[in-house]
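For reference, the structure I am asking about is given below.
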Amino acid sequence: MTEGTAKKFMFVNRTAPYGTAYALESLEVVLISAAFDQDVSLVFIDDGVFQLKKGQQTKGIETKNFSPTYRALEGYDVEKLYVDQESLVARGLTEADLIVDVTVLPSRELGALMDEQDVVLSF
Amino acid sequence: MTEGTAKKFMFVNRTAPYGTAYALESLEVVLISAAFDQDVSLVFIDDGVFQLKKGQQTKGIETKNFSPTYRALEGYDVEKLYVDQESLVARGLTEADLIVDVTVLPSRELGALMDEQDVVLSF
Amino acid sequence: MKFGILVNEGPYQHQASDSAYLFCKAALAKGHEIHRVFFYHDGVNNSTRLTEPPQDDRNIVSRWTKLAEAHGVDLVVCVAAALRRGIREENLAPGFRISGLGQLVESGIEADRLVVFGD
Amino acid sequence: MKFGILVNEGPYQHQASDSAYLFCKAALAKGHEIHRVFFYHDGVNNSTRLTEPPQDDRNIVSRWTKLAEAHGVDLVVCVAAALRRGIREENLAPGFRISGLGQLVESGIEADRLVVFGD
Amino acid sequence: MLHIVNKSPLERNSLAACLRIAGSGTILLIEDAVYGAIRGTTVEAAVKEALVRFRIVALQPDLDARAVADRVIEGVGTVDYAGFVDLVAEHRNCQSWL
Amino acid sequence: MLHIVNKSPLERNSLAACLRIAGSGTILLIEDAVYGAIRGTTVEAAVKEALVRFRIVALQPDLDARAVADRVIEGVGTVDYAGFVDLVAEHRNCQSWL
C-alpha cells in the first residue's frame, strides 16, 4: 500500500495498566497494525499515562510486565506517541517518569490531532 | 434459623441500571437471600439511585425492564431500603421520583448503618 | 456506506454488545453495509454457542448469529483474546469465525467508518 | 478464621480474579480456611476449561483448579449467571461446581468474613 | 468529529476528558452517559457550557430505559438508533470515549 | 470496618463515595486504587485530609506493579497480601467499594 492511500489510525489509551487488560490488549493491536503500513499514532490520556511509568515490577501480582513492549514500538516503526499534558500534571508525573520518549501536548492540541484521524480505536 | 442468630446482610447498589448487569443480578441475590431468614437491607448510593427511578421503558433497547421487581421486594419481607440523600440531590432526584418507598438518609448515617453489618455485598 | 464495528465487552454484563447490535440493525435497515463486526477483549464471549439466557430475556448470541445469516455480516472473533477466555471452534456459535487481529485493522482500512462499543 | 470469597469478574479483563486468588493463597498460607469461592456475574467465566493463555502468562483457570485440589477449596459457579454466559458442565474446569445463589448467601452466613472482588 | 460517550459523567471522567480535549464537533451520549443530558445534576452546568462549542445529542432509547427522557436539558437533541447511524455517516470520523 | 477500594480515584468516584459515607475505620487501596496513595496527584489533598479519620493502607504488590511505591503519601501504610488477610481478620466486617 502506498503512502498516499494509508489511513491515519489512532489508538487512544485512557486506562491504567494491570487493573484491566485493555492496555495490554491494545498494545497487541498496535503491533499488528504496524504490519499494515498505516499511519499509526498512540495517545495516552488520563490514567492511560500510567501505562508508560518507568519501573513497573509485576512479580508480586504474578502478572506479565508488558511495559518493555512500549520500548519495542520503535522497531515496528510506531514512533508517534503523544501524551496529554494535563493528564501528566494531574498525576504528578513528568516526562522523566516515562519509559519511552513521547511528545507531550496540551489537551486541545491533542484534540486537533484526533480530528485529523481516519480511524480511532479506544479500549 | 432463629432471629437471634440471623446475620445482617447489606446489599450496596452503586451502579446505574442497563449500562451494566450489576443491578439486575444484585436483585437476584437479594431475592434468594430472603429465603434464608437473614436481616437484609439494601442501600442505593451514587448512580445506584437511578435503579429506582419511576417510569423505565426498555422496549427501545430490547432489554427486560426489571424495575418492577423492586416493588415485589416487600412480598419477600425485604423492607429495609435506604437511599443516600447526597446521591439523590446530586442527580436532581427526590423521593417522589422513586418506584418504591425508601428511607432517605444523610451519607454519614448510611455509613453508621454499614458499620453494623455482618456481610456487605457490592456489585 | 460501509461500517466496521468493534465490540470490546461480553454479553449481559455490559450494554456494549446490545448497543452494537442495535446500531447494526439500524444501519442495515437504512441500506448501509456492515463490513465486519470484530469481537475483541471480553467481546469474544459473545460468540459462545453454550449460552442459555432466561426465556424472558434477549438471546444476545443468537441475535448475532441471525444477523450474520440474514445479512451476510462477517462476525470475527479475535483468536488471541478467545484462547485466553476459553472460546474455541468447539463452542463457537454459528455465523462466527475465529481469526487474527489483522482482521480488525483491515476493517479499519476497508470500512468507511469504524465504530467502537465497549466499557 | 473462615473466609468466604465472591468474584464478580472474568479472567484477564479485570484484575479481580487475580486479586482474589492471591488473597486466598495468602490466607491459606497463614492457616486460615477458605470456606468457598463463589463466582458470580462475569466471574463465572473463570471456570471454563477451554482457556489456553499464552505460555508467558499466568493460567488463571488452572490456578483456581490447583487451589481446589491442594486445599479442598469449594469453587462454586452461579448457575443463572453461568447459563447466560455459556458455562455448562461440558466446559467446566476440574475443581469447579455449578450451583445456585443460595450457596453465596450460605457462605455469607457460615464464613467469618466475606470478601468481594469485582470491577 | 463525532464523539461517542457511554459512561455516566457522575461516576467516571470520560465526558470530562472529551470536553477538555476535543475543541468542537458533535457529542453523542449513549448508555449510562445519557444521565449527562438531564437537568438537575451536578454536571448540568458543564454540559450547558459545552453547548457553546458542541452539538450534543442523547440516544432516545437509552433515555427511555432510564426514565429520564422528560428532563433533557434545553439545547440537547435526541436521536434514535437510525439517527445514531446518520450521525456516524455524516461525520468524517468518530471516536468512542470508553 | 475495613473499606476496600479498587478503582483509581482519578477516574471514578468510588473512593470519594467511601470518604463521604464512612465515618471512620480502615481504608485499603488495592489494584488501580493505589494511585490514590501517591503524592502529587489531584486527589492527594483529599486523601491526606482523610488520614485524620481513617487508617489508610495500600497494597504493596499493586504499588510495585504500577511503579509508584516510591511516592506513597506520608502516613499511608503498606501491606502485602498476608497483611491484607490480617486486615480482613482484624476488622469485624468489610466492604468493597466496587
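Residue numbering begins at 1 within each chain, and the chains themselves are lettered A, B, C, D, E and F in the order written.
Convention: contacts are C-beta pairs under 8 Å (C-beta built on N, C-alpha and C of every residue); 3 or more make two chains touch, one makes a residue touch a chain.
As the structure is a computational prediction, the values presented were derived from the model and not from experiment.
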item: Touch-network distance, chain B to chain D, counted in steps; value: 1
item: Labels of chains that are neighbours to chain B and to chain C; value: D, E
item: Chain whose average C-alpha position is farthest from chain C's own; value: F
item: Far-end chain from chain D, centres as C-alpha averages; value: E
item: Chain A and chain C, separation of their C-alpha mean positions in angstrom; value: 25
item: Between chain B and chain E, centroid-to-centroid distance (C-alpha), Å; value: 27
item: Cα-centroid distance, chain A relative to chain B, in whole angstrom; value: 40
item: Overlap residues in chain C, where contacts from two or more other chains coincide; value: 8, 12-13, 15, 19, 22, 41, 57, 80, 114, 116, 118
item: Sequence positions of chain B contacting 2 or more other chains; value: 18-21, 46, 61, 63, 118-120, 122-123
item: Touching two or more other chains - residues of chain F; value: 6, 10-11, 13, 31-32, 61, 80, 93-96, 98
item: Pairs of chains found to touch, sorted by chain label; value: A-C, A-D, A-E, A-F, B-C, B-D, B-E, B-F, C-D, C-E, D-F, E-F
item: Chain D to chain B touching residues, read off their complex; value: 6, 8, 40-41, 80-81, 100-102, 104-106, 108-109, 114, 116, 118
item: Residues on chain E engaged by chain B in the complex (per definition of touch); value: 6-8, 10-11, 31-32, 35, 38-42, 44, 60-62, 64-68, 70-71, 80
item: Residue ranges of chain A touching chain C (in the complex, touch as defined); value: 7, 9, 21-22, 25, 28-29, 32-33, 35-36, 38, 118-123
item: Complex contacts: residues of chain A adjacent to chain D; value: 18-21, 61-64
item: Contacting residues of chain D [partner chain C, same complex]; value: 10-13, 41-42, 45, 48-54, 57, 61, 80, 83-88, 90-91
